[in-house]
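So, here come the structures, one by one.
In the two complexes that follow, chain A is the common piece, with chain B as its partner first and chain C second.
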Partner chain A sequence: MIPADGFIVWSVLAPALTLLGFAGITLLLAVFQSDRGFIATVALTGVVSAGVFALNLLMQAQGGLAEAGFGLRYLADVPATAFTLVVLLGTALAILVAQGTLGRMGLDHPEYYPLVLLSATGAIVMVSAGDLITLLLGLEIMSLAVYALAAWRTEARQSQEAGLKYFLLGAFASALFIYGIALTYGAGGHFDYAMLMAAFTQPGFEAHVTALLGAVLIIAGLGFKAALVPFHQWAPDVYTGAPTPVTAFMAVVVKAAAFGALLRIASTVFASLEVGALGALLPGVLSVLIGATLIVGNFGALLQTGVKRMLAYSAVAHAGYLGLAVLAADQAGMAAAAFYVAAYTLMSIGAFAVLSALMDDDDGGDGIERFAGLARTRPWLAAGMAVSLLSLAGIPPLAGFVGKVLVIQAAIATGHAALAVLAIVTSVVAVVYYARVVVAMYVRDPSGAARTPERRTARPLGIALGIAVVGTIVLGLVPGLWYGLVDHGQNLLVFVSLR
Partner chain B sequence: MTAVTLVLLPLVVATVLLFARKTIVARAIALIGAIATFVTAVLLPGSDAVQVPWIPTFGAFIAFDPSHAGGVLALVASLVMVPTVLWASLRVESNTGRFLAALFAMWSGLMGLFLARDLVLFYVFWEATLLPSLVMLGGWGGPQRRQALLKYLLYAVAGSFAMLLTIAAIKPLAGAESYLFADLLAASVNLDVLTQTWLFAGFAIAFAVKLPMFPLHHWLIDFHEQNHPSGAADVAGTLYKVGGFGLFAWALPLLPEGARQAAPLLLALGAFTAVYAAIIATRANHLKRLLAYASLSHMGIVAVGLFGLHLAGLSGAMYLLAAQMVTTGGLFLISGMLHARRGSLDADSYGGIAASAPALAAVTLLVLFASIGVPGLANFPGEFLALLGAFQASTAAGVLAVLAVIAAGVYGVNLYQRLYQGPQPNPVADLRPLEVVVLAPIVAATLWLGLAPAAQLRVFEADAIITVERIEQAKDGVDVPLVAVGEVRR
Partner chain C sequence: MVGTEAYVALSAVLFTIGAVGVLTRRSAIMIFLCVELMLNAANLAIVAYAYQWAGTGLLTGISGQTAVFIILAVAAAEVAIGLGILVAIFRNRASTDVDALSEVRL
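== the complex of A and B ==
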């Protein structure tokens, strides 16, 4: 059902509004409540309620009753709601990880959870946007909160640097993005994707160059958030400098949001530009970026000695695999990306949760020696880490494997065999750096000097790890549970409206 | 359902074993589990196929069918696993329960990959089986195990990912309905020669690593040298040399055109592997290195049988694969028994022990003879047919591969002499009752596979005919009556 302009459909906005409401509540609570655990629980309640709304919308969309708000500017079709759910999953797990570690690190300031909720609200707006202005709003809402979170450890230079670097480069990327929007508007005369598509495909449309230039700038702006090479420079430093729970949030939620938005634009606006003499330009640009991301991310990770920095580069590498799905930009690509991003969220959070449990209070001590002999000293943590890393490496029968097959299949089906080969070759490199940690945990003896701190794993952290690991295994064995829900791209609202 | 039980039962046993704290409890569970799994495997021939949708939108099924070549291999592998589990439970002293759990997990994975009739399912088992074998090497291996492990992992995963690419590509490119073997087989005729060759290359890399075959065999030697001296992990590793099976069951029938393009090169590599490894084996001193090279040489013969692309060679290669599970596996167990007596795997530290351990010597001689292809014992029928297939394709490759058989005679007899004959400085204990129990199934299987090959060969041939017919069709577009086949069968 597509409502007229100006008519607000509250149910469509429910997930984002719920999060926004809970962000306000937690902020108020933070003034009166000293019990941080309580605030975290309230925040989690908000995320779960938003998740219920989103799941309801997904079911509805899957049944062919996708809704939209403000014309087609805010969508609640299958990809939008699927990515919303992934964002909420990542947020919930990141909150649990934070709850389990921030206190120990002395970073448990009460504003943490409201900021996380606000950022997640922006992420949801981004993945639901059907309009460039809505997308920009979501992007800024999300980013502002994350800039603050990245600099959360105010007394540490590293963290300050992370925040500042992210903010400056982020502002620059936003500028590019806005310029891209302006050019696109100039070429098509509209902001919403559906009208842009209509304008671009109209016979007699001449402003191809302007539109393509706009598209390239939009790719650059979103590519920054998604950490696509060459817009990835900030990622390793910011990921390493930020406190580990923040890194976990950034690595999954920001990435999911950026890819949700990028996929939507690629499958609608960009797809309508793939005609004429310059038709191959956008796929060409994207292929180069993705190929470079795969190479830089994986080889960069191979060279790292710290596990946190390795995971930062691996996050860049995974942007490359997700990029394959963007390139496919069809129904299969959408579903593949929605699956991949869910799998990636689970396995990344699993790895970051273990990392948070092991690292020192000042965010030091992520060297690989910290993991030596972990299987003997902390068998459960080691097992969780092993499952997460093996899944990241794409070993079956874990979720990461299924995701990898799906995106590679989508790329091959749309004629990008060379990139698919590159993705496989770089995956072999990935196995080396992930396996190094697993081997250290299971084969090496615990080394005296770099011994794991003897502390109990906080319960919320354990819960997050448990959910992530079980999810990784279950999604690997029964991928249909999630893939069956997201593979209904024919309900893409923008396409419906054009018929 | 028997097939599903056979895959799940060892996995359940493995899970239970993880929680068995006391060694004696672990041993009891392992013994009961091994017998139960073996009984299930014996019930396998003639049981029903299973086919349940798994990932509908993806076209993957949970499909097992015991009536194909994999069914025979699953039975033989189970037969070898029983003594292996028994021996491991006696000889692995630290964390016995965990080691046995890994062994059972491998058992489950092997059953899955032999019985799977869906390509995705096959791949999942193919790769998942790697994990327990890594665990055994990493957890119980020798001092150089880290290097061996990384090397093994890298080779295996590089190969598997090449295959993954082929798997991801084959369905959309062929336009198949699903990943079921039958659907892929029907649809793969749509693929042109060039696409088939590329897709086949993906399979060939993966299977050449796991066959293994020169020049992708480097992991194998360290893998065996560094594994636990009991030899149990080596047996499991031997069973996991499933590259030949992958070629036979998936790559050759699905991509006959691609196979035809690549066959001359791979045939030559196979023949070279056979001779090269056999010659190194004649010079090896470390028992496990020697066995690793011997086994590599057998795999070369399996390869020439397969890439001859003739019926006799194809089914012979599968037969040799099944037989060497028993013989190479048996020899690894015997090397573990020798190690239990002297604490060394160096052939030079033995000599003349036949006098004090006549029964051990006799069993060794039997299994060793079977391994080098003496007629009437396990390896002979397969080796003979594989070589026949090689000769049908290329005389040069056939002659080269036969040289490997001669070299096998040299290292086999030589090894027996060095271990058991000559002056005897120190006597050793003869076979203990439990060791007799461990070796009995190996001896029985050696004789069974040597004396009664017909039934198993029929199953292999029924599968191989698909490949041969498709290759003949590709060659000249007509069905060729398979005369030569009938000759061989008798």
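== the complex of A and C ==
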């Protein structure tokens, strides 16, 4: 159980350090290299090499040789490396989308790619953290870069507003999170999950109220990043206001990181609090948040006319489905979440890639009429969008369907049948708003004024869409390809109830 | 000798003042200052708890004090990004009133 000795274990840090190094390299390159495509390629190289390290660590964890550094404060076991790989996949695809869109939008400033890599570094630290302070550092490294990216279109008020709103609410959420850490430390005397679990289940432990208050504040802080209702209000505005390639990055990477961290903390610290006094409080709070997220996300999306804003609400709704796995917080829940988040990354990027190809250079024109008759004018884009949206809706045999089945199974297995029923009912609602776009593309005629601009889809954008669509279909037909990697193997830090 | 509870109570008061300020203030700068107040409230609580844990002979008193420095650094980094965004906005519209930010509909 106890992993390799030594305090500083460089190999567990390899994925994060690689990304950090490449962030530095791309930043230096940006100074004297005017070819943005080259910088993007270097950034992609960094992501892929980090991915090789992460895959290697995942394989080690599969074989029972998972490593951890800093005394279980930084982990490289199956959940951590699986989420790391998903973060890297999302980052790579988001870089491709950006490479294919930023130039045309006039947003191709050289600092873009270093910021994306830094943000991904923070996301990896978050999902690998086994300690509240490590988690905080990852959260801030990720968020600070994304705040800047959200305000990327500095001359447009919409983008500035997105940046400022995200920043102010994000800083507020961080403050809640940090106070949560303070209270947890006050109750348990430690910051690392392993020692906190031990402290919270000690026979003489009495500070349940402080610990639970801390846990609720931590849920609020992470729930903000994950866009759980009622901490979701920023999401539609920021997703709409930020440039579309940035929105794609935020929607997949930030969400994956927040859920990776939330799952880890729910399966350790929160689980150890559940056996004590007032133990039903945390699952109760989470259930309410998740139920509200499912309802608000899906019905909110139903009311939207713009496709970008619809996707923003759909991102909120998907936070609800992922929340079911957090509630389960066992081996099956972890694996279900790791699968769901991978599927969500692929299908979301697919939808955002098509959206970036169609929207105007100033980020306008995301109305549904833009999609009317797309199947006739741009058949490939329409097909890619249709696969992504149907997968988001959970239509078999696509990846989104398998993901939904897995999280709902995990929720039922741990006795959350009511929420599982709610998830199924709301996913029927979801079909309506996704199908609306598909119908527009395949049934309606292209109307004169709202015609899509005649332009070639940039090659990187096409590659991103291709990977996303093929991935969505393959993961739907052969889920074991990814699920088989994450549903077993070593989890170094998990609460084992003595009941 | 002032007990840990007193410090934590003070920090809770500061935290609440900050939170109320964030929810009621209209100027982005004031909101941001209120967030800083909340962060410092958390730091005060951590220092108080660290003192308490050190008193019980636990070595983790040190880790609490270290955590405070990390949080201070995080807060400083947040300031840098936040002021950057604020300056960019102020250049365009010469106001930091968040109510004027309504380009994005709710």
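By definition in this document, the second predicted complex is superposed on the first by the 481 of 499 C-alpha atoms of A that agree within 3 Å, B and C clash if a C-alpha of one lies under 4 Å from a C-alpha of the other, contacts with A are read in each partner's own complex, and residues count from 1 in each chain.
Rule of thumb we're sticking to: a contact is a pair of C-beta atoms (placed from the backbone, for glycine too) under 8 Å apart; a residue touches a chain by one contact, two chains touch by 3 or more.
Model, not experiment: these values are computed from the prediction.
Superposition model on chain A: chain B and chain C are shown accommodated side by side without a clash. Of the two partner chains, chain C is the only one that A:241 touches; chain B does not reach it. When the two structures are aligned on the shared chain, A:335 is found in touch with chain B, with no touch to chain C. Shared-chain residue A:412: touches chain B; no touch with chain C. With both structures placed on the common chain, the touch criterion links A:67 to neither chain B nor chain C. In the overlay built on the shared chain, the residue A:427 is in contact with chain B alone; chain C does not reach it. Contact with chain C, but none with chain B, is seen for A:168 once the two complexes are overlaid on the shared chain. With the two structures overlaid on their shared chain A, chain B and chain C come no closer than 28 Å at the level of C-alpha atoms.
Remark: chain C residues 4, 8, 11, 15, 18-19, 22, 28, 31-32, 35, 38-39, 41-43, 45-46, 48-50, 52-53, 56, 58, 60, 63-64, 67, 70-71, 74, 77-78, 81-82, 84-86, 88-89, 92-93, 98, 101, 103-104, 106 touch chain A in the complex.
Chain contact summary for the complex, chain A toward chain C: residues 133, 136-137, 140, 144, 147-148, 151, 154-155, 157-158, 160-165, 167-168, 171-172, 174-176, 178-179, 181-183, 185-186, 189-191, 195, 233, 237, 240-241. The touching residues of chain A, when paired with chain B in their complex, are 335, 390, 393-397, 401-402, 404-406, 408-409, 412-413, 417, 420-421, 424-425, 427-428, 431-432, 435-436, 439, 442-444, 478-480, 483-484, 487.
By the touch rule above, chain B contacts chain A in their complex via residues 54-58, 120, 123-124, 127-128, 130-131, 135, 138-139, 145-146, 149-150, 153-154, 157-158, 161-162, 164-165, 167-169, 171-173.
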